[in-house]
Structure formats: structure tokens, C-alpha cells
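First chain A sits with chain B, and in the next complex the same chain sits with chain C.
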Partner chain A sequence: MKKITVLMGREVKAYFTSPLAYLVLTSLLVVSGLDFYLMVSAMNGVEVSIGAPFSPFFGGFIFYWFFMLVVPPVLTMRLLAEEVKSNTIETLMTAPVSDTQVVLAKYFSSLLLFMFLWLPTIVYVLYLGVYTDLDSGPILSGYLGTMLLGAMFLAAGLFASSLTSNQVVAAVLGFTLCSSLFSIGLMEYLQPSQSGVWSYFNLHAYMLDFGKGVVDTRPIVYTLSTAMFFLFASIKALEKRRWS
Partner chain B sequence: MALDDRRNTGGNRIIIGLNVGLSLVLAAALLVMVNWISSREYYRGDWTSGSIYSMSKKAEKIIKGLKKNVKITVFLSQDDPAFDGVKELLARMAQASKRVSVEYLDQDRNRTRAKELLQKFKIYDLNAVVFECESRSHYVTSDQMVDYDMESASSRPRFRGFKAEQAFVSAILDVSQEKQVKVCFLQGFGERDSESIEPEGMGNSVEELKRANYKVQELDRAGALKSKGRSCDVLVAAGPVKPYNKQMEAMFGNYLSAGGRLLLLLDPVPDRDQTAIEKTGLEKMLSELGVEVKEGVVVDPDKATLLDPGTSFFVDTYGKAQAVKPLADRKIPVVLSQARAFGLADVPGGIKSKRLMDSSTSAWLEKDIAQEGMPKPGKGEEKGPLLLGLTLEGKMFQGNKTKKADSDIRVNGQKQGTKRSGDARVAIVGDSDFAANWAVSNGGNLDLFLGLVHWLAEKGTEIEIQPKSPEQVHLALSDSQMMSLFWTVVVFMPIACVFLGVGVYLRRRR
Partner chain C sequence: MPDLMVNKNEELIRTEKLTRRFGSKVAVDSLDISISRGEIVGFLGPNGAGKTTTLRMLTCFLPPSSGKAFVAGFNCFTQGMKVREQIGYMPEAVPLYPEMRVKEYLKYRARLKGVGRAKIKSTVDNIVQQCGLADVLNRIVGQLSRGYRQRLGLADALVKDPSILVLDEPTVGLDPNQVRETRALIRELGKDHTVILSTHILPEVEVLCTRVLIINEGKLVAQGTPSELGSVSSGKNVIEGLLQYGDTNQVNQVKEVMSKLPGEPGVDVFEKGDGIGFVIEVARERDVRPEIFKLCVQKGWVLIGMRQKQGSLEDVFARLTTSEDVEETHDDDQGDSSE
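Take a look at the complex of A and B:
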């Protein structure tokens, strides 16, 4: 655990000393700020249920999905690919840390950054709370859903990064994986007759549920188990690299 | 050196590759298995402060106890205000019991299937949810799922409560029970024909009853008096034109004494000379219940319709009777034509009376039915508001119990799983035109008719589930506050982040 923490510290430091974190944070704030402003404009002067003011913020806007699909591969693209390219992977592999520890440390550092990116949006909640009563339940569940999605997409991005030494290829591969995971559930809307099968993968519908305060165990199991699978696949990819 | 040796061995590469491949296949299999279990056994939590998406314990118990498969088909548009709530509720019902299956039908995308089902269920209201079990079906329309505050100052009616849970549970109870509620329409004294599709018939109203899973039967005079074992949950006497004789009056009394449910739609019928109103033959029986049947025709010029400004009028003053609550809540008027009025005097103890509806204060009871042209109020004629309908509930004619019991219409037994009370119920309206084919689609006429039958049959109230009313909030930001919001969240916050990044970069360079 200590080794993971040390490695995580190193990764987090690397994030915050590079322009990437600030670039991503700025773009998130522009996009989510615009979402929030549009949402408040639409609701201003209209009587709505107490849970409604924040529910579209989580999954109700196209910008949200754009951000969710693009940012995780960008955050993870360099994690393993850069190590391979700069040959630091050899040093890392000979260090007294296991592949699992390396992967987990890199994964949790990206997850920590992802959580940090969403932190400033709490200002929106506080801002709106000044003018109207808010139901905290749907807001908390909205953030929970966002973190679960982030956890899954980051794991997919990390796996993509473990397959190549080129950061751009890793980002594109990661984006393809995340988009596929997102799109598969949209089949529910295209094939209503088989909606039962597709609905299980419908991340869009799950996020709308989280946004309104409904917390279902299915998306929790789906996102976390998929994240674990990708992490396992990343460990195996690293293991293969070590012994090949 | 040893490591390099291993790396260079081709056989080892294959073994490592196989090992990794097999591990991934096993992990993928585990992933599929875990998610398959998760898709079947799941829990939906509700984090809202008012638990607005949770199903009540009562409803959950009923759904979990289902012994038959119930198929639910949703014809609701996604734009409907009830859609989200309905989707959530049905998801929870499907979660509670494997016997509940739900199908959403997009009428634009899947027209053939939608058309086929609309014809099968004979649905005309496209915003509805249909419950089906074996050959029985029951449909709930979107206005039965949501309560609106029609007095809201805004252009759109204000959402007041989500009441689909009670409507859905009632519908499920209704279709999942083999025994249907039987409604008998009396014939023999000039009552309206319940099967006729002619303007004066009641075929359309009866069709709606069948769609609401009622079993409908005509009962002729001989059948009403002679057949043994004939049973009716609700007995309807719709617009008799001849007075009922004493035998019939006694039959009604005995039926009520056994806890029967009676709907009387009593038009003011002119006598042979066209100078006075014919007796109904039920005056004595009704007076024992505290109801006075007034002779005359109600004229309400302030609420007159264009159809017949003399005696056809809107009614929007509703009483506290349960049967008219949906109409009162939604402020939907009914249209009555050639109606009579009633009086409420000394209602016997143990019987609860409630007003259904009243005329406006400008109405009067016209006794001179022979006068031509527009009626005018005469001296001594009773002024509005006039009672146009009422309901009675309680133990009635308890002294009659032994009289002619074997030749009367038997009251059907209590439905399994429901809590039908043993009390008799009577609903009386001074008009039957509102339920006739020519008028039933006017205003809330059909809702009034169905509401009366539902109340008599205790349908829709088998269980009581309070409507969910999420707390409403009003966001009122001025233009300057909106501008300040824009600058804060879209401009200042991202710029602050850019400065932070530049600061870190400069510090690193130093």
C-alpha cells in the first residue's frame, strides 16, 4: 500500500506540474460553466420540483458526454505509453514494485485528478443554493454517477495506454474504447424491441437516473467490474511486456 | 543474463501469451457472470429527500404477491409530464416481481405494432398505460396519473402530485383477479339501451366500462324480479321514462339492504299531458333515505350551452363526493341536459350523504314545462344553487332483509384481495343524457359516469396510496444576477484556472 501511495504521489505531482491538468481543468470549467448557465437560464422564473434544478447537469447535456469521453483518455494516455517510449519502464520494472502496484498507482492518481477536476463545480451548487432550496440527494448521486463513469473510462484509457508506446495512439484507442462503451447502450433507443438487453449498458439512462436521485446497483456493478477488468487487462499487458 | 535468455526463447513467449490470453478470457467470463447476476438481482435506491421515486410498502406487497403474469404496455409519449415518473415506477414494479413485464411502444417508430395494440385494446387516448393479464385488460390514462393545480397563475398548469402508483396498483389488482366486477343495466321501464350505438343509447359509455375491465350485462324487468341467483355488483337504472312499480321499488330496497350498489340516473320525464313531471316511482324509497326528488327541470342561464340555452348547461360546482374528485381537481365541467334537482332532508343515522354537484346560484327549478320559448323564472319556483346529484353510503333498509330475499338481485361477493365494505352505496344524478352516446364525449361527462361506477364498485380505491408531491421551488434570478452568474462560471472561473496553470509553469521554470 505504501508503495502504491509513493508511486501515486509521483504521478499526481507529474500531473500538476504539467500544463495538461490546467488545460483540462480550464476546458471542463468552460464547458460545465456553460452547461450550468444554460440550465439556470432555462429554469429561471419557472416552478420546478426541488430535485430538478441540478438533474440535467449530470448527463443531460451533450457537453457533459463530450467531456466524459474525451478527458479520461487524455488523462491516461501518457501513463504507461510514455514510460515505454522514454524507456523508464525498464527502471520501473526492475524496481521492487509489482505490475499490479504500478498499474493501481497510475490508475488511482488519474482518478484523483479526475475527482479534483470536478471539485470546482461545487461552486455551482453553492451558488444556486443561495437563490433556492436544493435537494442534496440527487446532487450527491449525480456526482457519484460521474465518478463511477470516470472510474470505468479511466481504466479503459489506462488499458489503451498499456498497449502502445505512442501517446496519441493511446488517446485515440482510449477514446474509441470509451465511445464504444457509451454507444453500445444507446442501442436501447434504436432497437426498442430489444431494449431489455441494451438497457443494461445504457450509461446515458443510468446517468439521468443518478441525476434525479435514483441510485441503481446495476450501473455500480457494471462500471466497477468493467474498470476492474480493464485494470486486470492492463496488468496482464504490462506483465507480457516484462516477460516478452 | 538469465532474464534475457528467457525473453529470447520463442517457446516461452507462446506460453506467456497463452497465459495472458487465458487469464483475460477467464476475467472476461467472470465479468459477464457478475453483470448477468447484477442485471437480474438489483436494487434501486432513492436518494431524494421526499423519497418521491420509492414505491409504497402496500404497493410492493401486492406486486410481490402476484400469482399471474401481468404485461404492461406503455403508450405514453416521452414529452408527457408523467413519463419519467411512470418509467421509474414501472421499473420498480418489474424489479419487485418477475411476473411484471413492461413494454414501451413508440407510436412514431413502431407504427404497425402500435396500431395493432391500439386496435386490440380499443384505445383512443394515445397517452395511456395498458395492463393485461390473460384475457383481461385495464387502461389508465395520463390524466389519471398526475394531479395539476389548475388555479396556477402561470400559463401551464402547475404539477401538484404524481398519483400513478394507486392507479397502477388498482389496475394490476383488477386484471390479475379472475372475477370481474359485474355492472347490470336495468331494462323494462324505458331505460336507455346499454348496447345501442344510436345517439340516445349508452353503447359508448358501456364500451368504456368494458375497457376498464367491467363485465356488463343487461337485466330485463323479468330478470330483475324473477331469476334466482342473478348477481350484480352495480345496478344501473339509466333514464327510466316510466315510473317504477312497487315491486321494483321493493327490489331496489332489498338490493340495498343486502349492501347493493345502485346508480340512479333520473331524468325529469314529462307526463302524458306534457304539463307536469312524471313520478319516478322511487320517491318513497328515496325519501326514507332522506332524499327528496323534486319535480321540475333545472334552468341555469348563466351556465347555458349553445346547444340548448334553455335547459342544457355546464356544471362546475362540485361537492365533496369521491366520485367527482378528479373532475373537481382538474376543474373540468360536465354538461347536463334536461336535468332534475334533489333535496336532502333528514338522512337516517348511519348513512353518509355527499353532494356530487350543484347548479349555479342563477339557476331555478322550472315547473311550467309547457311554456314555449326561453323559460323564465316564475313565482314560487325554487332558486339555485340546486342539488343535481348526490351519493349515499351506509346501512340501508335493514328492516327489509327477510322480505322476498330469494327473488331479488343478489349482491356479488367481496372480491378476493380487496376491501369492499359491506355498506350499500347509492349515486343519484338528475340526468341521464350526460351518459348517452350523443353527449358522453362532452366535457367531463364520461369521467363523471366512470367515476360514479368506480365509486360504487370501489374500484381504484382498493388500496389508498397518497400521491407523491415533490416540493416545488421557484428560481427567480434578475437579469443582473444572471449576468453575474455568466461572468462567474463561464469567464472568471476558467480564467482563474489559466492563471493558476501559468503560475505553476513559471514557478517550475525558476
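Take a look at the complex of A and C:
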């Protein structure tokens, strides 16, 4: 555990010594600012949404998904690919640390950064809270859902990074994995006859639920187990690199 | 370090039929080596001979395809963590994180290798002293010169004070002054560490190592001290000398007289600058230098210089590692690819 925190310390610092963290942070603020603007405009319109004003902010708008599908692979693309590319993997893996420790440390540092990115959006909540009474439940569950999805997408992105030594390839592969995970669920809308099966994978519907304050165990189990699968696969990919 | 002297012959590293394949290519082929505490061992071989692959297996970076390796009694494959704690490893080309600062990097590596929080400062300060990094402590690693990168790599390898140092091509890409400094540092470290270094630079092992292992195409082809290996290089003693120039006839005269030396030597005489040079080859067991001197006195020639050439490691190396298919060993997808 101590080794993991030491490794995480380096990873998190590395995010902030490159322009990446600032770039992603800025883009999230632009996207979420736009979301917020649209949300407030919608509330001023004829059809006033009832109950959960933040529901569109979490998953209702296309911009949210744009951000959720692009940012995790960008955050994770560097993590393992760069170590292999610059051969620092050799100094890393000959220090007394295990493959599992390395993968977990890199994963949790990306998750930590992802959480940090969403921190400034709390301003919107506070701002709206000044003008109207807000129900905190749907907002908290909205953040919970976002973090769960992030946890899953980041694990997929890390797996992509473990497969290649090229960061761009890792990012594209990660994006493909994330958007596949997202698209599978959309089959529910295309194949209503089979909707029962597809609904288990429907991240879009899950997020709409989270935005309304519905916390179901299905999305929690689905996202966390998928994340664990990808982490396991990343560890195996790292081990396999040495055998080939 | 007196306690090290006591255990000097304790075996620290042993491999048994250590083999590593990359696809169909055999990079390391049934290697059996044994290294004792306190040795400075040079791994010598042409590029692609399997040096890096062997070192990577000893440092637990690569698992062997078959065979076993033991470091300080721990199996490299099944007790990797224990082995890694014993070894300080500086990989070829010294991979470092370019965005970190020197001090920050050393602290991070020390913590990663399990140096306690309370000891970090003194550990890092010591290592900075030892490796001469004090001037660049706050510099960004990516902006360091080649020489400092090498020192930082060495500092990283040393930071937990490991009993074994494994250095892969430690002087590659350095300028002559830096090479000299690095060698001095390695020699210093050799006093209380067991050092394994790989190189394809022959003088390096001659000046640094107590023992040399020559490997070619993944196989151990020779081992011994540099002078032991040098003496097996050729069956001949070669004597070079220079006489002061007399008259034009002297060249032929010298040749004629020297050919009559005992042991039927091969003689070559030639004009060299304003003197007359000669090269004499005789059988190894014979030293004809006293005879040559007496002969010169007798003939009234002025002998300016004379020396007997030692068989060099270079000869052994060339003889052992040159073969028709040596070209094939040059590309090694995992091994020495960066050369």
C-alpha cells in the first residue's frame, strides 16, 4: 500500500507538470459551462423540468457524453505507454514493486485527477442554489454516477495504454473501447424487443436515472465489475509484455 | 569493509542453464555463470550477444525461458521481490522521467525502494555527495547533460545501498573525461559492492574488472581475469624495438643478424623516422630481449627502445566472437536494440 502511494505521488505530479491536466480542466469547464447555460435556459423556457434541475447536466446533454468519452482515454493514454516508450518501465519494474501495484497506482492517480476535474463544477450547484431551492439528492447521485462511469472508462483507457507504446494509439484505442461500451447500451433504443437485455448496458439511461436521484445497484455493479475486468487485463498485459 | 573481506568467496549470483528465447531466436543459451561477493565482473561481447538479456533476467525484468538464476540465494523467478531488493540496476541508456527534478527523482526512487521517510533526506544527501550531483539538484532531468544523466542513473542504482550493482553499458555515449570519472567511481564502488557491468569496450574491462566473462551468441565462450585471458591470446611473443640510424646498409645487416637469434624468429626490419625499427616474433616461452641487447652492443648499434607486447584481450575477443554468422546476432528485438 505504501508503494502504491509513492507511485501515485509521482503520477499525479506528472499530470500537473505537463500541460495535459490544465488542458483537460479547461475543456471540462468550457463544456460544463455550456451545459449549465443550456440547463438554465431550459428552465426559463415554457417546459419547466420538474424536480431535478441538474438531470440534464449529468447525461442529458450530448456535451456531457462527449466529455466523458474523450477525456478518460486522454488521461490514461500516457500511463503505461510512455513508460514502455522511454524504457522507464525497466527501472520501474526492477524496483521492488509488483505489476499489480504499478497498475493500481496508475489507475487510482487517474481516478483522483478525474475527480479533481469535476470539483470546479460544484460552483454551478452553489450558484444555482442561491436563486432556488435545490434537492441535494439528485445532485449527489449525479456526481456518483459520473464517478462510476469515469472509473469504468479510465480502466478501459489504462488497458488500452498497456497494449501499446504509442500514446496516440493508446488514446484512439481507449476512445474506441469507451464509445463501444457506451454504444452497446444504446441498442436498447434500437431494438425495443430485446430491450430487457440491452438495458443492463445502457449507460445513457443509467445516467438519466442518476441525474434524477435514482441510485440503482445495477449500474454500480456493472461499472465497477467492468473496471475491475479492465484492470485485471492491464496487469496481465503488463506481465505478458515480458514473456513475449 | 572488513566483514566483506571475510565473506569474499561467498557466491552471490549463480545461473543454471539460463536460457531466453525471443520467438525462434535464442538470445541467451544455457548460460552457467557464478559470481562471488566483492568481484567486479565484466560482461563482454559484441552487440546483440545477449548481455542485456542476461542482465535483465538477473534483475527480474525478464523471466527466463528455461533454466534458473539465483541472486543472494533467492530465485529470480519465484522470489523476484527479494532479488530486486538486493540489486541496484542501471539499464542501458539510463531511462529517466524527463519532467522530474533531480532531487525529486532521487527521493521518489528512494521511497519506492523502501527507504523510510525519516531516512530519506540523509540517504539522498549521501548519494548526491557520492555521485557528484550537488550542482544539478534542482535541475529538470530532461535538461541534464549525458554525463549527469549517467550519474543520476548510478545514484538511483545506489540509493538503497544494494549489495549488487548491475550496470548495463555504463560509459556509452560519454566523453573521454566523463568516461574516466565514471570508471573511477565504479572502481570506488567496487570496494564495497559486487559489480556486474556489461560493455563492448575492451579497455574498460581491462582497467576495471577483476574477472571477465566473454559471451557470444548467448553462450559463455571464455572467462578469467583480464591478464589470464590476455595470455592465452596467441602463442607468440612479439618484441618491438628501435635502433639509431647508422648507414644505408644497416637495414639488411640487422635483418641478417637478428634472424640468427635462438628460436628461429620471424624478423621484420624497416626504416622508421630517423631510426631503424624491428619486430621480432618468437615462441611464447622464449624471451630473447637479453640476446638482442647483447647483439646490439657487440655490433655497436645504438638501441633506443625495446618492448615486449603483451597478448591483449582484444585478440581473444576478436578470436572468440568473430564468425561468419555474426551479422545475424546484430538485431535482437528485445535485447540490445537501442544500439
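Just so it is clear, the second predicted complex is superposed on the first by the 236 of 244 C-alpha atoms of A that agree within 3 Å, B and C clash if a C-alpha of one lies under 4 Å from a C-alpha of the other, contacts with A are read in each partner's own complex, and residues count from 1 in each chain.
The rule we apply is simple: a residue touches a chain if its C-beta (ideal position, glycine included) is under 8 Å from a C-beta of that chain, and two chains touch if they have at least 3 such contacts.
Worth saying up front: this structure is predicted, and the values here are computed from it rather than measured.
Q: May I ask you to decide whether A:N87 touches chain B, chain C, both, or neither, giving the answer as first, second, both or neither?
A: A:N87 sits against chain C, while chain B stays out of touch.
Q: Which partner chains sit in contact with A:G9 here, chain B, chain C, both or neither? Use first/second/both/neither.
A: Only chain C is touched by A:G9; chain B is not.
Q: Where does A:T17 make contact in the superposed view: on chain B (first), on chain C (second), on both, or on neither?
A: After superposing on A, A:T17 lies in contact with both chain B and chain C.
Q: Is A:V214 touching the first partner chain B, the second partner chain C, both, or neither of them?
A: first
Q: More residues of chain A are touched by which chain, chain B or chain C?
A: B
Q: Looking at the overlay, what does A:N44 touch: chain B (first), chain C (second), both, or neither?
A: First partner only.
Q: Determine, under the contact definition given at the top, whether A:Y200 touches first (chain B), second (chain C), both, or neither.
A: first
Q: Touch test for A:P96: chain B only (first), chain C only (second), both, or neither?
A: So A:P96 only meets chain C here.
Q: Quick check on the output: what are the common chain A residues between the chain B footprint and the chain C footprint?
A: The answer is residues 17, 243-244 of chain A.
Q: Can you name the residues of chain A that touch chain C in the complex?
A: My answer: residues 3, 6-7, 9-10, 13-14, 17-18, 86-91, 93-98, 242-244.
Q: Looking at the complex, which residues from chain A come into contact with chain B?
A: 16-17, 19, 21-23, 25-26, 29-30, 33-34, 36-37, 40-41, 43-51, 53, 120, 123-124, 127-128, 131-138, 140-141, 192-193, 195, 200, 212-218, 221-222, 225-226, 228-229, 232-233, 236-237, 239-240, 243-244
Q: Can you list the residues on chain B that touch chain A in the complex?
A: Going by the criterion above, the answer is residues 6-7, 12-13, 16-17, 20, 23-24, 27-28, 31, 34-35, 38-39, 42-50, 52-53, 84, 88, 104-106, 109-110, 154, 158-159, 470-477, 481-482, 485-486, 488-490, 493-494, 497-498, 500-501, 504-505, 508.
Q: For the complex, which residues does chain C have touching chain A?
A: 22, 56, 59-63, 81, 84-85, 87, 89, 91, 93, 95-100, 104, 108-109, 111-114, 156, 338
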